Amino acid sequence: MRVTIGRKAHFNAAHRLYNPNWTDEQNAAFYGKCNLPNYHGHNYKLEVKVKGEVDQETGYLLDLKWLSQIIKEEVEEPFDHRNLNLDTPEFRNLIPSAENIAGVIWRKIQARLPKEKNLDLMIVLYETERNFVEYSGE
Amino acid sequence: MRVTIGRKAHFNAAHRLYNPNWTDEQNAAFYGKCNLPNYHGHNYKLEVKVKGEVDQETGYLLDLKWLSQIIKEEVEEPFDHRNLNLDTPEFRNLIPSAENIAGVIWRKIQARLPKEKNLDLMIVLYETERNFVEYSGE
Amino acid sequence: MRVTIGRKAHFNAAHRLYNPNWTDEQNAAFYGKCNLPNYHGHNYKLEVKVKGEVDQETGYLLDLKWLSQIIKEEVEEPFDHRNLNLDTPEFRNLIPSAENIAGVIWRKIQARLPKEKNLDLMIVLYETERNFVEYSGE
Amino acid sequence: MRVTIGRKAHFNAAHRLYNPNWTDEQNAAFYGKCNLPNYHGHNYKLEVKVKGEVDQETGYLLDLKWLSQIIKEEVEEPFDHRNLNLDTPEFRNLIPSAENIAGVIWRKIQARLPKEKNLDLMIVLYETERNFVEYSGE
Amino acid sequence: MRVTIGRKAHFNAAHRLYNPNWTDEQNAAFYGKCNLPNYHGHNYKLEVKVKGEVDQETGYLLDLKWLSQIIKEEVEEPFDHRNLNLDTPEFRNLIPSAENIAGVIWRKIQARLPKEKNLDLMIVLYETERNFVEYSGE
Amino acid sequence: MRVTIGRKAHFNAAHRLYNPNWTDEQNAAFYGKCNLPNYHGHNYKLEVKVKGEVDQETGYLLDLKWLSQIIKEEVEEPFDHRNLNLDTPEFRNLIPSAENIAGVIWRKIQARLPKEKNLDLMIVLYETERNFVEYSGE
């Protein structure tokens, strides 16, 4: 029996969007308010979904306490109450758009999943209640 | 890197369900309260999801301001505060069930997406908090 | 021990706003999209809050099944899937604004509460997720 | 036109997790608080999603009143306000983890769907607002 | 400047309602499904609201980390994943209705608030998404 | 008939908490993660509630489009996508805690309400889904 389990988490961070290869005018024209120089912020909400086989002995796909701990170590501790542009090495050379944040989080969690269990990972990242990104490693 | 981005929107509209080829009794028996003659209404909530390749120069799959504008022109302006049966030509010969409204919205937004970008479109339409329809063009 | 208990309910209805003593131009100018002639609609959400003394024998302020039944009879059955302007006598001579709908609902439920229990009634009516009205009989 | 319709429902139940083949110490170590002996409980939320062809005569994939009735008979009536370990035969020999509850619900509803309509069933079960399971019969 | 700050928390517990002075028939007739013998459960959600003077030096009414810790010690640790009837001494002789749980929680938190700060405490307890109780010490 | 109407709004902003009269160590010890130097951010949600007399001619307490415009001018335009410490003059000498932001917003909106209508203003500001502040001018 192959199911998907999901776990929600959240972190509050500042960021701004700009491409260092562009002029200020190009950045302002393309990114609009998201390019304002002194940063703005979001309450990011994260859904981590893992698909795999249920262990008939435990009734679990995997232990959600373990998954919560992975999310805490890989996402909440390094990103919460941080400035994504200034404080987190992952975005030193990567624009912290919701798309790229989702990619970074997916790769960090994927690296912690046990390879032998044949698990599929999908994440959903809400930047606001109205905007979100889904990524599953494609 | 192929991600899905999502954007939420909403509109408030009146409608009723009936099949003009049926008798009043048949309509009342099949559609129940949704067939009452003087219309009722809903706060429809819409999720528009687009899957495609992230542009590495911008960090965006596509500009959400552009997508919001498309949703505004194709859905919010023509449908909000309207009677779907009487005011919108799409439902002159089409029963405005949630299934059909979802189909109409999908086709209107699909027609506006750039063909060359190889995008997949999926929408979710909530008629109430408890009832919803997903459509992806199948 | 004096507590407030609350119960949520909902109904889906059509309405439009206009003042029969005004010209069409005055109505359109004042009410905007809410004045469009063929009605629009909402998923109204209702919170009914009753404050009173907890009965030490039962642990209840009052039986929520009883309160749910009152809400069903006074609000859900007469208003759900109806056109408030055309189908409900309460709005024959009363503009069905959220303020007035809240007043009507408050008076209908208040009339059903037992007088001897010294209960305070307050209702909250959400017309959309962003707009709401509270009324407590003042 | 092939769409997915969804319907939400809920039930409030007690349960505890333990494997009768393990010692108490093994159970406590593995399941943690979920293993506490006197049961705890949840407001389970259920989404039932059915994918299939829209009937052009009715505008419906299927009648949501019918689907609601199936959910009521198969899930709400037998599970609501029950102790899943003690009151429901499905969990006499099956650990009532969210994964297994989702599997049981999927099979009960699947058995009621008309075979000839080529419908796909998927359910989402929220044990809390932060934990959920999706199952589609794989 | 006198403001109200609020903090949300939650716990998952089992309970049943019955009055030991009544017969089984009286209990079943009055409490209905809430009286079923093997317990059921809820994801209780709690809002703790404290009103008082803002400290101009810190910009805080009080430190939310401190308030969160109080809620954890007084509510989450003793009640989460417990059976309120069997595991918690507060309900040994008190029916664990939502009204009474709200009263118990209010008194436990009130006892921890500093007396000299002239604070007003109000709590809201959601037993389900549709049913809730507010209590402020009256 | 005296009712309360409410309108929701939101803005996304960066901030950090520190008291310029304290040492870095004092600030870090008191404010914790909220004191981190490069700012973090939130999706602030705002509820603006106004209590007053319903105008029997219009059925409105006041025009929500007008109230939305006031909120846009006084809150959304100056605060959205801004750094509250660096970009907004109101917080040059005021710690941008949720308590103080709520006070600033209340005073800005209160200054725009018509004096002759005897209106009461109350706002609720959610910094996260779990933390909020209410202020009504006391």
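All chains are identified by letter, namely A, B, C, D, E and F, in their written order; residue positions are counted from 1 within each chain.
We adopt the following convention: a contact is a pair of C-beta atoms (placed from the backbone, for glycine too) under 8 Å apart; a residue touches a chain by one contact, two chains touch by 3 or more.
Keep in mind the model is a prediction, meaning the values are calculated, not measured.
Common neighbours of chain C and chain E, listed by label, are F. For the pair chain C and chain D, chains touching both partners: B, E.
If you match contact pairs by residue number, over half of those in C-E turn up again in just one of A-B, B-C or A-F, and that pair is A-B. The pair with more inter-chain C-beta contacts, choosing from D-E and A-B, is D-E. Chain geometry summary: the mean Cα position of chain A and that of chain D are 29 Å apart. With centres defined as mean CA coordinates, chain F is found 42 Å away from chain D. Among all residues of chain E, those that touch two or more other chains are 129. Inter-chain contacts occur between A-B, A-D, A-F, B-C, B-D, C-E, C-F, D-E, E-F.
Interface residues of chain C facing chain B in the complex, by the touch rule stated above, are 10, 12-15, 33-34, 36, 38-43, 80-83, 86-87, 128-129. Of all the residues in chain B, the ones that touch chain A in their complex are 1-9, 49, 54, 57-61, 63-65.
Contacts from chain E toward chain C in the complex involve residues 17, 19, 21, 30, 32, 94-100, 102-103, 129-135, 138.
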